[in-house]
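Same chain, two partners: subunit A is paired with subunit B first, then with subunit C.
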Partner chain A sequence: MPDTVIDSYKDQMERLAGSLPGWDSARAHAFDRLKNVGLPTTRSEDWRYSDIKSLRKVAFDPMQAPEATPDVPAALSDVAARLVFINGQYQEDLSDLGDLWQAASVRPLANHLMANTDRVTELNQGGDGVNLLNTALMRDGFVLSIPAGVEIDDPVEILHISSGANNAAAHIRHLVEMGEGASATVLERFVGDDSSYWVNSFLQARVTEGATLNHIRLQEEGPNATHTATAVVSVGAGGNYHATNISLGGLLSRFEARVRLLVDEANATVDGVALAGTGESHDMLVHVDHRMPNTTSDQIFRTVADARGKSSFQGKVTVAVGAQQVNADQSFKALLLDRTAEANAKPELEIFADDVKCSHGATVGELDDKALFYLTSRGIDPTTARQMLVEAFTDDAFDRTGSESLAEAIRSRVANWMLGHTVKEKVADD
Partner chain B sequence: MAGTQETHDQVAEITGDYKYGFVTDVDMDMAPKGLSEDIVRFISAKKEEPEWLLDWRLKAYRAWLKMEEPDWAKVSYPKIDYNDIYYYAAPKSQDKPKSLDEVDPELLRTYEKLGIPLAEQEVLAGVEGARKIAVDAVFDSVSVATTFREELKKAGVVFMSISEAVHEHPELVQKYLGTVVPQRDNYFAALNCAVFSDGTFVYIPKGVRCPMELSTYFRINAENTGQFERTLIVADEGSYVSYLEGCTAPMRDENQLHAAVVELVALDDAEIKYSTVQNWYPGDKDGKGGIYNFVTKRALCKGKNSKVSWTQVETGSAVTWKYPSCVLAGEGSVGEFYSVAVTNNLQQADTGTKMIHMAPGTRSTIISKGISAGRSQNSYRGLVKVLSGAENVRNYTQCDSLLVSSESGAHTVPYIEVKNPTAQIEHEATTSKISEDQMFYCRARGLDEEEAVAMIVNGFCKEVMQHLPMEFAVEAQKLLGISLEGSVG
Partner chain C sequence: MLSVKDLHISVDDKEIIKGLSLEIKAGEVHAIMGLNGAGKSTLANTIAGRDDYEVTAGSIEFDGKDLQDLEPHERVGEGLFLGFQYPVEIPGVSNLNFMRTAVNGVRKYRGEDEMSAAEFMKLVRAKAAELKMDTEMLKRFVNVGFSGGEKKRNEMVQMAVLNPRLAVLDETDSGLDIDALKVVADGINAQRREDTAVLLITHYQRLLNYVQPDVVHVMIDGKIVKTGGPELAAELEEKGYAEVA
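Presenting the complex of A and B:
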């Protein structure tokens, strides 16, 4: 990384001094480490399928408020609350906390740190170069704490809009804390215009005893965007973490989930779908770390790639010494729609205990001609038939969103993507 | 039940420790310890090599100096001092023996003890109808004997040590040496290119089906030596050869380095079947001693419809770093990899394969079985890569791990990289332990725990074992039992 890039990030960091109470030394420390490790390259194993050359070459400015307020898309379903961020900054007037504030604590990161200066250490300060840059440059985010026993039925939507932000970046940090036995659904949604911006998001979640967190990420960034996201989650006894990631937009996107199952009976399911349109690259990584006995995990990933599209998946399951009676499954399937499409997979098992049942399966292929023939022979036109098959292919990964209306909204987006990106072209080719 | 009785007998036959751990006392001709250009020149001069080969070695040595030892494998071992190794050790003999009668009887006794018949008549005098196997015996740095040469010559098959081949068939060696594994391929391959001492060369001419199995038996004997053998097998159009490789070493407290390179070339419609039973000394129960087995094995399926099949049973070595691979460059060529890797005590194995699909219609199958016992670490690491021009590629991969102890580790690291939509790639992996039901069933039928484990493990490995030639399969089954000894209870 050229020194000028690093230096300008240092300037940016210094300008943020005092903006988040108690955070300045964490910024400085992260920056020092970033200087040593740099932003990741494809030589680093976790980044081998995501080449962020463009991010290493030039420094991205901090995103500014856009000249005109962009359109705010309607919510996808009934929501318990809606938090809107534009160009990385919270918009109080566009947000709607509903009744959520009565049942739970929901406040901006700055307020949280102001009220609890001793809780600075709870925020994650490690990770790779992209995470370190987030630590050094983060400006805003939300802290959502659901008290013990409280169940929030409708999703809490966090909407991120990027607009008119050429060569600018937003480093966002959210913190979700689930009290004992609490349950909630958090939807993170990302949209944007066609400027060449970078969203670098980091979500931390703590799921304590018996709690359930449904974490849905709907990534619909603009066509020239770079999207890097990390979720770091710890799950306690009998706790459940269900993540569903949908990568639909952006030129290059990468989502990494690091889940630690810390106590007996903790469970995690991490699912994902990536639809790589023309020239796009979508990368998804999961690391589920079974630290304790009797923990379970399951992963279902489906990817589809069109012309020059690239979909990648790295899923790792670690079972620690003595973590007996662990069950872990993983399924990855990739579909290639064009001869210039590419799929990469690395399903990895690292097991240090003997009484475990772990498995993974991975397949890569194209649409089944026989199935297509079957459908068309029953009077379904080829366009619809292809659409049906691709939808059926991705559908397994939406079963655990925890919200039927959200799952429906996601399905219709997948169907649209098929229609817009691939089916028409394919039929034209035929 | 015949099957049960057979397993029972094999287990009963197991006497305990590593039984090939003896040392042969012969006069040795050694190069001075350490590695330098002079040593490379020394080895080359000892073998009276032509100028081009010396240059080739020196080029590799200079490249090696600039390379770094790989650290990505899931193995750990103390840093190797490459200057504390003898790079050349040969049994002292007056002249090159012209027949077996002239070979040092001490050496012959060694191979007899290992169960490797070097005297041709012995094979003939064996059980009626027994298949003949031609053997090239490599003792430390040199080949000491090659059997059945005359008979093979009649069929046109060239089977000799690579240092002889350099003199007798320079055109073939020069044409193919280093074409599959280039000098700079990796750290250990570069080292091998610089100091390789001996190994086997096989050439099967057009349309010839090799009349017998070919085999090389590697033996490390001398102390503080590294063994750097190099094997090159070329199967010309329409030919077939089955090649076996076996290896043992004495029990020593120090670790010894074995960095081999194996290159296979299969032309149009040729088939090579390469089987390995790797039984280097694995070290003792506390992880003291044992061989570092850092091997580069690669096959180039150069011709149309050529086929290479790797079968390996890995039971020995303290540390294994080995990925027999196939570059499927010929249209319709086929690569296969069948592997059983057993680790016990403190052994570490990081092994797997690469299948590089470059041409249309290429197919590959990978079956890998890993068994971890004791405090060992066993990793499968593999790559299936489909390039964009390779239409209609098919791959099936299955890797299963069996954990026999709660302190061992089993890891699976497969890479799948596909750039062509017509490819059909399937990958399955499981990790589990021997189920209590299976154990109970066996115990209820009177098998003790160790016998039951050996039987279940043999069943677990069956899909791989059936690809081994008969003689090897029996030996391999016994080895599995020995390797797992003491791992139960």
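Presenting the complex of A and C:
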């Protein structure tokens, strides 16, 4: 990476001094590490399927407030609260905390750090260059703390809108803390215009004993956007973390989930659907670390790729020494709509215990001609028939969103996406 | 209603149907009988428009329209139905959604308004009850986990819901126990009217004991070699294909 790129990030960082209480030294520390490791390249195993050379060539400016307020899309379902960010910055007037503030603590990162100076150390500095840059340059984000025993039924939606942000980036940090026995659904949704922006999001979650967090990510970035996201999650005894990542937009997107199952009976499910349109690349990487016995995890990933589209999945499961009676399953299926489409799958198991059950399966295929003919032979036109088959193909991955109305809304977006990608006749035999 | 003239069909450059002609009028039930490999399924699939089957000569007309000009779903819109020998399993698509999309696809082709969900449910429940299909099966994925008999019964429910003018039923009787066979026969007989026609394609005479055909054809090696009345089926059963043909 050219020094000039690093140096301009240093300038950006210095301009942020004092903006987040107690965070300046962490920024500087992360920046020093970034200088050593640089931004990731495809030579790094975790980044082999995502080539972010456009991010390494030039420094992205910090996103500024857009000249005009962009349209704010309607919520996908009933929500408990709605937090709206435009170009990386929280918009109090567009947000609606509903009654959530009465039941839980929900406040901007800066306020959280101001009130709890000692808790600055809980913020994760991250592993790779993209995380480190987030740590060095983050400006805003939210801290959501659900107290013990509190159950929030409707999703808490965090909406990110990027607008008029050519060659600009937003580095966002959210924290979610689930008290013992608490439950909530957090929906992160990303939308944007056709400018070539970069959203670099980092979410940390702590799911304590008996708590449940449903984490849904709906990535609908603009067509020229780069989207990199990391979720770092720890799960306590009997706790559940359910993630569903849906990648529909952007030119290049990558989501990495790192989940540690720290105590007996902790459970994690990480599911995902990626629909890669023409020339797009979607990458999903999951690492579930079973630290203790009797922990369980399951991953279901379904991807679809159109012409020159690329969908990739790396699923890593590690089972620590002595972590017996672990159950870990993983299923990846890719559907290619065109001969030039690409699917990559890399399951990885590292097991240091001898009494465990781990399974994984990966398939890559095309739409089933027999099923297609069966549907059309009943009077269903070929476009609708393909749409039905793709919806059916992705459906397994939406079973654990924790909200049926939200799952419905997401299914209809998958169907809409398919409308733009079903015009071609079958590609199997030409 | 269906007029097939000197039809030749190839699959992977191999000729399977070698000059077949057939006339079916409204109100008639025809049976084509033949051994495995005679080309019966090739004929049925070609009528329905499966694209691996290439018509190299001859014609298939349905009510004066050249079927080769029509896509499979358009043929259904015109009033054609193919009952599959091996109904396809489609995980992730519910039977109800499948049938409702089919009904509305046909209505769209005909320039009619979509059927409301309530109206459709009424129709499908009535047809399922007539064919003694458990309504729970309507909610399940298309044919997934269905027994052979349940799959064929499901074909009959689809046929009843779509109400075609010409039903081509490819070995609909194969693999059925006697109870299932009777249900399938009831479904076919219910579809038998003055303005409709049925083409049964079968290996055995069994089904014809319950659905009396008007015309029976014997098919050997891609051609119809003999045509007669219902007595021909009994004769085949008794003497075998070699002797009759």
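By our rule, the second predicted complex is superposed on the first by the 422 of 430 C-alpha atoms of A that agree within 3 Å, B and C clash if a C-alpha of one lies under 4 Å from a C-alpha of the other, contacts with A are read in each partner's own complex, and residues count from 1 in each chain.
Basically, contacts are C-beta pairs under 8 Å (C-beta built on N, C-alpha and C of every residue); 3 or more make two chains touch, one makes a residue touch a chain.
These numbers were taken from a predicted model, which means no experiment stands behind them.
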Put subunit B and subunit C onto subunit A via the superposition and say whether they clash or fit.
fit
Would you check which partner chain A:356 touches, where first means subunit B only, second means subunit C only, and both and neither mean what they say?
first
Specify the angle subtended at the CA centre of subunit A by the CA centres of subunit B and subunit C, expressed in degrees to the nearest 10.
80
Which partner does A:364 reach: the first (subunit B), the second (subunit C), both, or neither?
first
Superposition-derived comparison: subunit B or subunit C, residues of subunit A touched
B
Does subunit B (first) or subunit C (second) touch A:322, or do both, or does neither?
first
Touching A:341 in the superposition: subunit B (first), subunit C (second), both, neither?
first
Does subunit B (first) or subunit C (second) touch A:373, or do both, or does neither?
second
If you take every C-alpha pair with one atom in subunit B and one in subunit C, what is the shortest distance in Å after superposing?
16
Contact residues of subunit A, present in both the subunit B and the subunit C interface
none
Interfacial residue positions of subunit A with respect to subunit B in the complex:
45, 321-322, 324, 334, 336-366
Mind listing the subunit B positions that touch subunit A in their complex?
72, 388, 401, 403-433
Report the residues of subunit C in contact with subunit A in the complex, numbered from low to high.
48-51, 71-73, 76-77, 82, 84, 87-88, 90-93, 97-99, 101-103, 105-106, 108-109, 158, 162
Touching residues on subunit A, where the partner in the complex is subunit C:
368, 370-371, 373-382, 384-385, 388-389, 391-393, 395-396
